[in-house]
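In the two complexes below, subunit A is the common chain; its partner is subunit B in one and subunit C in the other.
So, the complex of A and B:
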């Protein structure tokens, strides 16, 4: 699979129009249904190449788009979610500076 | 000649191509079934076409997916997730992991005014946007409907033209037959003319011969009669009359 190409598993004759939110490879047990003991094996089966990680993030992004952005009567939700997520992200980024604003010395 | 060429082209052209088979909108169930029947490889059970939903998935408090609350519901009931959120926030606040600096109070103000705006403007704005999206979609649907109607009309027109072309063939045949009839009629007319002319000439010959023969006969008879009359002398006439009288007397006696 080169840059800008469909995944190797995708076959237009079987799968129809390409859906960027879908995983077209072999279906594994979902993480939520995996037993704790099998977690190691489950993680071992994951692809961890940068390309696979990027593809997974892209699929997640497209799932989010289909879920909240693309519906016909989409509302304020996706904007609020982006605002909340970016707030949290930048809060973590700036945490070392924000920590200086603590007003109590002891916490535990 | 050109019209015949056009005719041949029109009749040999295949029927107009089918409408575009791949469409960006989800087909209706019947159409989907037809597609599934059409190409056997297509797996519509595990890979159905994605349908654009009318409404987005449900969220609570503006941002949190409903599924997260459902995951909590099985273990903790309805208030569980809210209690978890409150507890987590309390924990973060109390340990100053989440530090309440100046930005936090700005955020509270922003949140308050945002909520007020949402409550004030939200309903009318959403109504307006709903109306607009309906108009927009109706516009595209109308465009698409017009396109399909136009194509269907074009197909009908094409079929009609082909039908006309077939009619032209019949017309050609009729014209050919007509010309053949005219040729035949002219041929027969000329044959008749020839016949009449020949007959007229032959009749003339016959008439001429008849007239000449008649004239000769008449002339000969006249000549013979003349000669005979010339040869009869007055003496002979008198003798003949005497003879006749004598015979008449004899008859009278008897």
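So, the complex of A and C:
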């Protein structure tokens, strides 16, 4: 699957219009329904190539868009989620520097 | 201890010893939502209204919409970077001269190269404003040349200095609240509320100013 191409398993006649959030490959047990003993085998069946990981991140992003951004009456929720996630991400990234602040005990 | 007043402007993250704070530039990609349906949702109406307002502002200077797209995107990029810089712990990438100068210098060099190579006489004519007395013409040429040359510097420094100054004021006020009476804390917090409102306005205005001046410099070519 090259950059900007459809997945190899996608067939317009069978699946209809392309949905970037959907997995078109072979159906497997969802992670939430996998038994603990089968977890190793489940993880072994995952594709771990850079293209596969990028595609998975892309599908996750589109699922978030479908759920929070594209509904007609979505509102402020996606913006607040992005702000919260970016604040948390940069807090973790700069934690050692922030901990060393002289006035650290007066803020998070 | 906070060894430096400017520590929040430091792009070096404490993990991996890399300048990972610059990743805040990519929030622009996450926040500029790709569309899926024909009708807009409430979240994408914000962007479409903003971009159509900016397009209406810039259209008189250009012949067709395809020439405006770059300035639309420039405005949105600087706006999103400025606004996210106001959020807790998020790095302000446009407060750095490295970022603003790379944008301003690129834009200015493009217009100067295109203008002077293709429309040399037109560019020379721009150095003397309409209605200048003949005696003043040599001085006007000098002044206009200098104002032209300092354009990338003014464009970049205006944006970086505005954002840095605002953030710095908020940091200084925050530090002065430490170990003080409750009255000082309430006063300083009220002042910080006012400054935060000002900073939000400055974030939008500076993005608008940067994009507008870029379109003006483009229309002069």
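The criterion applied here is as follows: the second predicted complex is superposed on the first by the 100 of 108 C-alpha atoms of A that agree within 3 Å, B and C clash if a C-alpha of one lies under 4 Å from a C-alpha of the other, contacts with A are read in each partner's own complex, and residues count from 1 in each chain.
Keep in mind that, in the parts below, a residue touches a chain if its C-beta (ideal position, glycine included) is under 8 Å from a C-beta of that chain, and two chains touch if they have at least 3 such contacts.
Because the structure is predicted, anything quoted here is derived from the model rather than measured.
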Superposition on subunit A - do subunit B and subunit C clash or fit: fit
Check whether A:101 is in contact with subunit B, with subunit C, with both or with neither, and answer first, second, both or neither. both
Looking at A:73, would you say it contacts subunit B, subunit C, both, or neither? Reply first, second, both or neither. both
For A:13 in the superposed arrangement: first (subunit B), second (subunit C), both or neither? first
Can A:46 be said to touch subunit B (first), subunit C (second), both, or neither? neither
By the touch definition at the top of the document, which applies to A:86: first (subunit B), second (subunit C), both, or neither? second
Apex subunit A: angle to the C-alpha centres of subunit B and subunit C, given in degrees as a multiple of 10: 80
Quote the smallest CA-to-CA distance from subunit B to subunit C in the superposed model, rounded to whole Å. 6
Subunit A positions within both the subunit B interface and the subunit C interface are 66, 68-75, 78, 98, 101-103
Contact footprint of subunit A on subunit B as seen in their complex: 22, 39, 41-44, 47, 49-50, 52-57, 59, 62-63, 65, 94-96, 99, 101-102, 118, 122, 126, 130, 133, 137
Quick one: which bits of subunit A touch subunit C in the complex? Just the residue numbers, please. 61-62, 65-66, 68-75, 78-79, 82-83, 86-87, 90-98, 100-103, 106
What part of subunit C is in contact with subunit A in the complex they form? 1-3, 7, 10, 13-15, 20-21, 23-24, 27, 30-31, 33-37, 39, 41-44, 84, 87-91, 175, 178
So in the complex, the part of subunit A that touches subunit B is made up of which residues? 13-17, 19, 21-22, 66-78, 80-81, 84, 98-99, 101-104, 107-108
